[in-house]
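Data block below; observations after.
Chain lettering (A, B, C and D) follows the sequence in which the chains are written, and residue indices restart at 1 in each chain.
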Amino acid sequence: MTRVAVVGATGRTGGEVVDAGVERDDVEVAVGVASEAGERSGVPVRPVSEIADVLADRDVDVAVDFSTPEATLSVADACAEAGVALVVGTTGFDEDAEASLRAVSEDVPVLKATNFSRGINVLQRVVGDAVAALDDYDLELMESHHNGKVDAPSGTANSILETVQEERDVEPVYGREGHAPRDEDEIGVFARRAGDIRGEHELILAGNDEVLSLSHRAEDRGVFAAGALDAAVWLAGRNPDWYNFGAVIDDS
Amino acid sequence: MTRVAVVGATGRTGGEVVDAGVERDDVEVAVGVASEAGERSGVPVRPVSEIADVLADRDVDVAVDFSTPEATLSVADACAEAGVALVVGTTGFDEDAEASLRAVSEDVPVLKATNFSRGINVLQRVVGDAVAALDDYDLELMESHHNGKVDAPSGTANSILETVQEERDVEPVYGREGHAPRDEDEIGVFARRAGDIRGEHELILAGNDEVLSLSHRAEDRGVFAAGALDAAVWLAGRNPDWYNFGAVIDDS
Amino acid sequence: MTRVAVVGATGRTGGEVVDAGVERDDVEVAVGVASEAGERSGVPVRPVSEIADVLADRDVDVAVDFSTPEATLSVADACAEAGVALVVGTTGFDEDAEASLRAVSEDVPVLKATNFSRGINVLQRVVGDAVAALDDYDLELMESHHNGKVDAPSGTANSILETVQEERDVEPVYGREGHAPRDEDEIGVFARRAGDIRGEHELILAGNDEVLSLSHRAEDRGVFAAGALDAAVWLAGRNPDWYNFGAVIDDS
Amino acid sequence: MTRVAVVGATGRTGGEVVDAGVERDDVEVAVGVASEAGERSGVPVRPVSEIADVLADRDVDVAVDFSTPEATLSVADACAEAGVALVVGTTGFDEDAEASLRAVSEDVPVLKATNFSRGINVLQRVVGDAVAALDDYDLELMESHHNGKVDAPSGTANSILETVQEERDVEPVYGREGHAPRDEDEIGVFARRAGDIRGEHELILAGNDEVLSLSHRAEDRGVFAAGALDAAVWLAGRNPDWYNFGAVIDDS
């Protein structure tokens, strides 16, 4: 049984991690952490200012963090101090913050991912392979989410774009209207927002009278919480190092 | 056997109309018309400046026009004079030009369409019905075409948007990037450009935890030339009036 | 506030109706009914053998029934007696049972539907229109559901097939393997079963170098429970008659 | 300039290879071969019974074969004798015939493929990777082709199935009707036949509340002829060995 602290326990994803954790047999949600004290699904939530005490008091094996870059860094320091493993799902780190996180991984195991879905991780792999193999095909990326999502494109779409750009030097174009001849080195990146769509991502590669389509659809947001907890169980007890979610998949 | 003159016979769509026409049993391509004299698929092409003589000399029943608004108007006048029916596939008329065309339909039958595909026409109908019935669902429109298409969105996408707007007051948004909260009254309109895609259009309607998708795909550009010739055969011998392609479909 | 009795309250869909009902402001789930007494989401469940007393005791306006044909008929009789409206989501009635239900609609309002999703109902309409308009195109129907669904095709797919058959005399073919030339009057009907797919249905119409696709996807099973309760609210207080879900949509 | 003999020059795919070859700058279609003498696109076609003379007379570098297993074997022997490279697109070899072909590759370079589309070949790779990584997800395979295709599933679908089976022990099921509970180790394989569809293949992997879809669509049958000629150009002058189409892609 892995004892987990969920940081960002009152946020959307963090809250789902708590909810999913209390239902699982291989995980004990020992405590939640947030900006203020409270409660979630029967789990006590304590303020992040007390993180050092919390990790010690609750005998935590792994902290699972979906908060903000600032909060993550203070939690990371406390983890390094207390010998607690760290799963980071928070996004938006700048280079300095990323470097600080990596330094922590010399003391404790750290696993950072922008997406804890096994399907999305496999999508990323096959996208890289296909873009490399069909190196003269046109690429277009589309994602679709519910109408309440205010940022575009999604973080996952940006990650897929990075994967593409590791193989080919393409510039994103976020819309086309009027006279808009396509440049050979551009990639259209489009964001649909409608209804309650859970999350879809599609890359097409087209040329030579054929179209290859690689796509992923989430049926439920719970897929991400489940993956973060899988990562926590996998990470507990490992050697200090910098890990990614692909390793969890390959072992499953 | 309907005797047809193809105006714009050396252009892309007009040329395909000639090619398709010479293969058909119910049509005789009597002559082509273009800015300059020439030949296409064994059919003589004569200059548009001689249109009046051409219609008389070649005993034409119907002119099928895929040219430019200016050329279309001069052809329309010649048709009115000679009692020749007119199928117009040319786009981009302003209000005055449209009015002139409509005046011609008092003398001879005129059928104007932006799209001669039966499937697209049915798509338009079901789009209107579905938007009316699901009047609080979010709408998003996407089209995909080959990488050589320089205008966006496609003429067909604009027609679908008009159909939507007859049912609901939505404003098109042609891209989303950064902080982009969705307004209740907006419709995303996206144009993918890649490879050799013949032409796809999709409208989604999403709300209430469900998504309805209405889409059309052309497998070959020949679908449009075939439809224009169907329209010509249907139009020959009718009374002077203003017709649309829907009437051809309902009769087929 | 519409007072509702949910028949089949411990079954899958009936249970979801109870759950959805206790969250709504326009509905009061007065009581559940099932083969045996019990409880669901805080609502008392009473045995169907006591249905007459239950309807009177709990001052029920509408019974919402997701049970079995036999149970539905006994509930229908009790509704007719007590002047309670009836929403029927149960499927599998034979002709005699259907006739008995229709007889009840002379005394109280009865609304029967195989699917309470607004999207599916609109899909049915546009399917009918498109099949009628493209009367020489080939048709193929596909549905996809989670891996635990044991019957194929889905009830909704069968309803779509009926809609198609009202327009055209096509025979379903449920698989193709080996030498399998396509007959002009056949329609392929395929059932995918995989993972947790909530429910998808797609009809394609193909011919003349084009493909029209009409499809629907449920993002959550709750869409059906919500629709059944919408129907209950709409039906309460109406005149005795036989209604269908399309009327609810048109009024919404 | 690679000098090519097209075997099966009056068959469907072979004929397209001739047509495509006469348009290309890097290929000279030196001669066609078929069961009887004739002509195709201006290229003389000679009987396969004279294959040895034909290869010598016409100074052929590579034979591109889309015929029958029996014809292929006689052509292969002639190629070995004459030192001519061989591209084989014919399918349906039994084990003995396959062994004979492989023996020929000790004398001359032989490249055999079931599909000469670059996109399909990349699809095969990513299918193998994804199935291996998501080893507990349900798999379902669907292909769609024009209504004149009499065999099901397509040869390409069978190849994809083989790729899947190299990673996982799944049994194909070609239809589902009535009581049809899904077995963990089955894979649904479905063949849609409608209109003029050029060819589509899709594998879905579903589990854990998500769906990964890997799909390919041909926009034109010419994609296969083009690929076979790419293979011929690539193969000319290589060392005797057994090659596959993946090597051509990796070099392109």
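The working rule: a residue touches a chain if its C-beta (ideal position, glycine included) is under 8 Å from a C-beta of that chain, and two chains touch if they have at least 3 such contacts.
This is a predicted model, so every value here is computed, not measured.
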* **C-alpha-based rotation, chain A on chain B, 0 to 180 degrees, nearest 5** => 180
* **Same or different residue numbers at the chain C/chain D copy interface, by half rule** => same
* Computing the C-alpha centre of each chain, which chain sits at the greatest distance from chain A? -> B
* Take the average of all CA coordinates in chain C, do the same for chain D, and state the distance between these two points in whole angstrom. => 46
* Asked: In whole angstrom, how far does the Cα centroid of chain A sit from the Cα centroid of chain C?
  -> 38
* For chain B, residues that touch 2 or more chains besides their own -> 195-197, 205, 208-211, 219-220
* Structure fact -> In the complex, chain D touches chain B at residues 195-198, 219-220
* To do: Using the touch rule from the top, collect the residues of chain D that touch chain C in their complex.
  => 137-140, 142, 144, 147-153, 174-182, 188, 190-197, 204-211
* Structure fact -> So, in the complex, the side of chain D touching chain A is made of residues 117-123, 125-126, 129-130, 133-136, 205, 208-220, 222-223, 226, 249-250, 252
